[in-house]
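Each of the next two complexes has chain A plus one other chain: chain B in the first, chain C in the second.
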Partner chain A sequence: MRESTVMKIHYGTALAAVALVAVHILMRLTMGYAESLEYENVLANYKFVPYAIMLEIILVLLAVHGFNGLRVILLELKQGRLYEKSVSYGCLIGMIGLIAYGSRTIIMTNMGIV
Partner chain B sequence: MAQVSSISNEQSQTAKSVTLKISRYNPEHDESSGFMEFNVQYEKWTTVLEAILDVKKHFDHSVAVRYSCRQATCGSCGMIINGKPRLACFTKISELDSNVVTVEPMNNFPVIRDLAVKFEKLFDTHQKIKPYLIRDDTELVSDEKEFLQTPEEVEQYIQFANCIKCGLCNSACPTMATDSSFVGPQALAQAYRYVADSRDKGKDSRLKIIDDSHGIWRCHFAGSCSQVCPKGVDPAMGIQLLRGYMLGFKS
Partner chain C sequence: MSQDDHREGIGGMINPRRYGIERVAYLLMRLSGLGLLAYFIGHIYETSNILRGQVGWDDFMDLISGTEGHIIMSIVIAMCVFHTVNGVRVMLGHGGMGVGKPARPDYPYDPASQNYKHKIGIYSAIVLAAVAMMYGLAVMFGE
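So, the complex of A and B:
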């Protein structure tokens, strides 16, 4: 993938994440902040499908943006063909792993398995 | 002879003195760099380069320094003067407002000796971005007219054509300090110079070259390149404008 395409995704995910995380934080204000973070209320959020979908999207956006940011930092830190390939593939695997683990949590909680 | 003597007397009456600290380092012999101090006389018009040449003439001829035109045109005498990348021939000692003038080789360049650094990478990356007009036809063929431009079209790139390849922008760049593969502000500004030129038809091939993992996207817009340019070029702005092309905001 061309670097310009990667960076377009990087900027796009940042903007989208800011918007959705703002919604996520504003949802805490629908009731008292501490109350909204109580166990039952958090579970209720996960079981509400539209909210679970939003959490899933936030997870994907932040994982893509964060791991690409990490890749860029590591590429600037050190150079070398093998190192750069390892960093790129390592970050890609890390990103997929995080999305898979997070998705598992969201799906299981939504289905009431947890 | 008498006249020379009187000029000399007049100079000595108005001259002040300054401590010139010159970084000395020979990679073939020395493990690390050190400083040598010289007390030199200067007038208000004396440049740092003239002071270094004075040291070479009267104190230590082995001080290595690269220079040529002495009028900020050739871009040979770039160095760190009192912590900031500047042209030695374009920096007056009186303007530094300091009793100590410290001169060091430019950052982000391999040192040949003392104040002289290798320019190979700078010239290689400059060449890599194809710093010439790319188009199939030519204005050299008879019966053809020259490629005309409006003043507005010239305005798009003309400041970037003032680059003298002195390397001060690359020396000031914080990304170049950690990323040895980074193309650098000099080459990126030159890429914009040709991309923005209405006579050029090689935009796509040039953008492809800088669209690399160590290309234009690694610029963090610190802006130090633009602060140190002795010719008033604004590489940081050129890089951002070039990003406009890459992101599709400009065509």
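So, the complex of A and C:
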């Protein structure tokens, strides 16, 4: 993929994540901060399907943005064919792993497998 | 002196003193990005504790709800706000906004892109990060 396309994705995921993370944080402030983190309230958040979908979207957006950012930082430090391929594939694997692990939490909690 | 002796490596890249506030912003952008990625990975692990049921969740909440947890959270808030505001500035700059018009380089060769608009953007990001951090501390310790 061209680097210009990758950077468009980087900026697009950033802007979308800012909007959705703002909603995610505001949900913590709809009641007291500590109260919003109580087990029942967090469980209710996960079981509310639109909110669970939003969490999944945030997970994908931030994983793509975060691991691409890490890739860019690592490529600024050192260059070389093997190094660049290792970094790119390493970040891709990390991103997929994190999305899989986070999705597991969202899906299992939403379906009541707790 | 050979050419290699002039190489400063990572130390030269991250030196914030030589190139003004723009280099400080460059460094903070990367540090906050790495910090936020580390927090994000930790947050994914932290929230997975809900699968351990109420006891597991409450145990983990007790672990992170102390003073240290709140202080770490306030630093995360500051990093998040700085990264967002400075990121918007960088995006606008990459889009050609606020970087000046191309012109012949004349003495003293001030780069048109490093102008007051972007400096204000960087200082605003730092101030907003500090304000958000204070607000976060007030919310977390206010209860």
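Going forward, the second predicted complex is superposed on the first by the 114 of 114 C-alpha atoms of A that agree within 3 Å, B and C clash if a C-alpha of one lies under 4 Å from a C-alpha of the other, contacts with A are read in each partner's own complex, and residues count from 1 in each chain.
Basically, contacts are C-beta pairs under 8 Å (C-beta built on N, C-alpha and C of every residue); 3 or more make two chains touch, one makes a residue touch a chain.
From a predicted model like this one, the values you see are computed outputs, not experimental measurements.
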Check whether A:G69 is in contact with chain B, with chain C, with both or with neither, and answer first, second, both or neither.
second
Counting only touches as set out at the top, which of chain B and chain C does A:L59 meet: first, second, both, neither?
second
First, second, both or neither for A:R2, with chain B first and chain C second:
first
For A:Q79, is the partner it touches chain B (first), chain C (second), both, or none of the two (neither)?
first
In the superposed arrangement, which partner chain does A:T109 touch: chain B (first), chain C (second), both, or neither?
second
Chain A residues in contact: does chain B have more, or chain C?
C
Is A:A14 contacted by the first partner chain B, the second partner chain C, both or neither?
second
Residues of chain A that lie at the interface with chain B and also at the interface with chain C
7, 76-77
Could you pull out which chain A residues touch chain B in their complex?
2-4, 7-8, 72, 75-77, 79, 84
Any idea which chain A residues touch chain C in the complex?
7, 11, 14-15, 18, 21, 29, 32-34, 37, 39, 42-43, 46, 59, 62-63, 66-67, 69-70, 73, 76-77, 98, 101-102, 104-105, 108-109, 113-114
Once bound in the complex, which stretches of chain C touch chain A?
10, 13, 30, 33-34, 36-37, 40-41, 44-45, 47-48, 50-51, 53-54, 57-58, 61, 65, 80, 84, 87, 91, 94, 139-140, 143
Help me check something: in the complex, which residues belonging to chain B touch chain A?
175, 178-182, 211-215, 217-218, 246-247
